[in-house]
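See structure below.
Naming follows writing order (A, B and C), and every chain is counted from residue 1.
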Amino acid sequence: MIDILNALALLANFVIVPALAYGSQLALGALGVTMIYAVLRFSNFAHGETMSFGAMISVLATWGLQEAGITIGSLPTALLALPISIIATVCVCLLFDRLVYRYYRTQKAAPVTYLIISVGVLFVLSGVIRFIIGPKDQIFADGQRFILKARAFKEMTGLDQGLAIKTTQGVTVVTAVVIVALLFWFLNRTRTGKSMRAYSDNEELALLSGINPARVVMITWIITGALAAIAGTLYGLDKGYKPFTYLGLVLPIFSAAIVGGVGNPVGAIFGGFVIAFSEMLLTFAYKRVIAYLTPGDWVPDGLMQLLATDYKLAVSFVILVIVLLIKPTGMFSGKTL
Amino acid sequence: MSLLEGQAMFGGYGAADILQDCTIAIDKGEVVVVVGPNGAGKSTAMKALFGMLNLRKGSVFFNGEEITSMLPQERVRLGMGFVPQNSNVFTSMTVEENLEMGAFIRRDDYSESIAQVFRLFPALEEKRSQPAGELSGGQRQQVAVGRALMTNPDVLMLDEPTAGVSPIVMDELFDRILEVAKTGIAVIMVEQNARQALEIADRGYVLVQGQNRYSDTGAALLADQNVRKAFLGG
Amino acid sequence: MTERWRNSLLFAGMAALLVAVGVFQSSNLALAILNLCLISAIMTLGVNIQWGYAGLFNAGVMGFTALGGLAAVIISVPPVTEAWTAGGVRAVSGLCLGVLAIALGILTWKKLALNKTARGWASALIVVIGVVVMRWVIDPAVEAIEAVEPAKTGFLGGFGLPIMFAWMAGGALAALAAWAIGKISLGLRSDYLAIATLGISEIIIYILKNEDWLARGVKNVNGLSRPVPYEIELQSTLWVQSLASRIDINLIELSSIIVKLCYAGLFVVVLALIYWLSERALRSPWGRMMRAIRDNEIAAGAMGKNVTSRHLQVFILGSAVIGIAGAMLTTLDGIFTPSTYQPLRFTFLVWVMVIVGGSGNNLGSILGGFVIWFFWIEAEPLGLGLISFLTSSMAEDSPIRIHLLQNAAYTRYITMGAVLLLVLRFSPRGLIPERNR
């Protein structure tokens, strides 16, 4: 019995807790991609850099706050910086919409044209980010490092295996839950949110109902910018801010969105967790878990790892490929909010 | 002057005009039906009245005001309700949300309008929290009509409301439309099923090649030998 | 002004820019830029075949380039016999098992007379078992191979053939990858191809970085053989020595210039060949049909053209050209470094080249490759100059100034993005627009 609990603690420590945090980050990112797709109908390749931009502003604002001596006790100061980052990122999104994307809406450009434009935006943003903060890693998590320390857990439960929960992980999951709840409340309960869903569902009919497309587009960018800033900051807080990693996040984020069905917010969240859990489960070394679960002192020879940790990214790609082969519309068919 | 009137309309989607001198008028409380062979420009005429197509010549009046160059959304505000032929509901949204979206331009309390729509289409009330995309074809059309009614329009415009529904459903839909008309709303519809439509119509227009061919009361058109032979199959 | 004149003028301007670099900076630098311009032009031709001819968005240029680089290693490096005896056969048979498992899985999915769910599980099971078996076969082999003199080799090596063969092999390898990815994602929505190619390219880089037994991973393979003479050899040759003294130039510099010129000659031949072939293809009935499909997919499909299989053809062809360019690039570098493959540089920059040059026009693509590569290189000193000018009023040791100067190189990302956006907005047909035939 104790062995089973130990195995569970081991899994929780190395798979479940990190996957919950990572899944929340991916889900928030995928939500941003899906919102843009549902309303503006294109795949925004610049979303990763938008997240990076938000994270950068958070880093800078955190430094400023720390300099000024403002902190919130054991929680990371970045939480205080988040509103600043959200405002800045939303401004950048609206600016790019005004300067770049809006023109192509009047031209009724093809989705692939938008795709290329988002590559241009990606270039500009990544240049701006590296110009401002440089290409190096920045760690900006402060406050208490752990909510639950491995040793405390061991003393509490008397198990051999510790379970540690980092503050950043806790903050990530809680923030994600709050944000997703707010988003769904907005989309399903408010007049503006419903008008966005209507526009995404049937543009023509939304126009006939007197819904103002310019307003819908603006609100979409505001939400996307906010989501990107939050997702980027949480990811940076959890893993350390490295400007170049965000481009690599585009793939898991798109995979998450497509698994769930692009354009569908529930699908995006579902997809985020599918990707995160698959990554963790497939790259976890089960050696010790199996050792606990098998009777006696038998220990398997190898690490019992399905896939080397370096191939995390391949997991999201394989999932993407499977979905494209079996159900290209995703688990929850897409295109509507 | 009529409530809604399109006078001597010329226009189409591309270079060639589909409408060639077409005039359609509708008075308060009337049910007007536009019939004609395929490609006669019936739906085009309807879209022209609603501003979904630019007229090259001619003009449209509503309540005595010229609205020829007004956007469709603005016409909705004036009191025109339009039900397109295809994709006329928000499929991913519930019945109730569809009605709410119909009332999007209204800032006042529209719960009475919703209740009214549910009185008119009792089947919808049971399914109010179901996505409209999951309903049957006839019920979808009811949602579409209900959505257009939410702005309390003076005139309701229906583009082939019975396309693709069974004859029984069609009869019921026509009954409902008559009930709408009884509340004082003028109804104009384009119909493929000319005979049944003319039976419930106060007046009818027969369009051929974008032009008025016959126009008279519904009963008179039904009685007219030429109309019967050419358009009603004898 | 006729089109021909205009184009000649554009290319002459480009040549003048390169000459100016030769005069004001150094001829070595000018030639180095020229060589990479030529390679970029070939990549751009490849992307143009996909985008310009067929409207396919390939976001995985980097991956195909890297596959070309891998081919350069596999073809040119002599086999490491010790590694082969340590586990070569086992590793290769493991790979074959993996391929076999996937093939079997696909066959099961396609041919088995079962319902969809059962087939899905059956083929998934086959693939999973296959992968486990593959790992069981391959893992000890990999370990053994990587243990063979890890500081010097630790990989299987290659065939020890002249590196020029790698240019074709690189094309073939890239074509193979393109076939697989095209099979999966073509025929779906257009952006799925973009996302799938983005994914495959990231994974190719991951594999190259991590599978040390294949090409040493991040330890790099250096000292690749060359299709042209080495500088040292040239320096000891009589005619080079006498030429150096005749035109009064440093012997070392001259030898380096000669090497670069040799490369440039080879690259020009390849570029000309590919350009000629692409132009022929574009003018052929096949090319006309491709453009018809691009301009109206639905109509072409209705006319009975198999749009998806045509797209697959064009996608494979374009990727092969990119693979060739990738092999040439690694040949020029003489070293294979998987960690240098960055999507911004290798995928999205090539896209800027295509769009700026003029999508659908091969000549435009070449010009785009030249112009953008030139400014990509020269934007660095220009950006630095600009920033130091802008901050010249600040104190020498002002931390902001130091920081800005440090990061000045990144202004070129901003420049490239801005160029792409501006061209798309104000001149979407590019420098040399597609001709309407």
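Everything below uses one rule, namely that a contact is a pair of C-beta atoms (placed from the backbone, for glycine too) under 8 Å apart; a residue touches a chain by one contact, two chains touch by 3 or more.
If you're wondering where the values come from, they're calculated on a predicted model, not measured in any experiment.
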(request) Quickly list, by label, the chains bordering both chain B and chain C. (result) A
(request) Would you mind checking which pair of chains has the most C-beta pairs in contact? (result) A-C
(request) Taking all protein C-alpha atoms shown, work out their mean, then name the chain whose own C-alpha mean is nearest to it. (result) A
(message) Based only on mean CA positions, could you tell me how far chain B sits from chain C in angstrom?
(response) 58
(message) As a quick test, compute the distance in whole Å between the mean CA positions of chain A and chain C.
(response) 30
(message) Between chain A and chain B, what distance separates the C-alpha centroids? Give it in angstrom.
(response) 46
(request) Please name which positions on chain B make contact with chain A in the complex. (result) 72-73, 76-77, 82, 84, 87-93, 97, 100-102, 104-105, 147
(request) Provide the residue numbers of chain A that touch chain C in the complex, in ascending order. (result) 42-43, 45, 100, 103, 111-113, 115-117, 119-128, 130-132, 134-135, 244, 247-248, 250-251, 254-255, 258, 302, 306, 308, 310-311, 313-314, 316-317, 320-321, 324-326, 328
(message) For the complex, give me every residue of chain C touching chain A.
(response) 55, 57, 59, 120, 131, 139, 184-185, 188-192, 194-196, 198-200, 202-203, 206, 209-210, 342-344, 348, 351-352, 355, 403-404, 406-408, 410-418, 420-421, 424-425
(request) Under the touch definition given earlier, write down the residues of chain A that touch chain B in their complex. (result) 191, 194-195, 197-198, 201-202, 204-211, 336-337
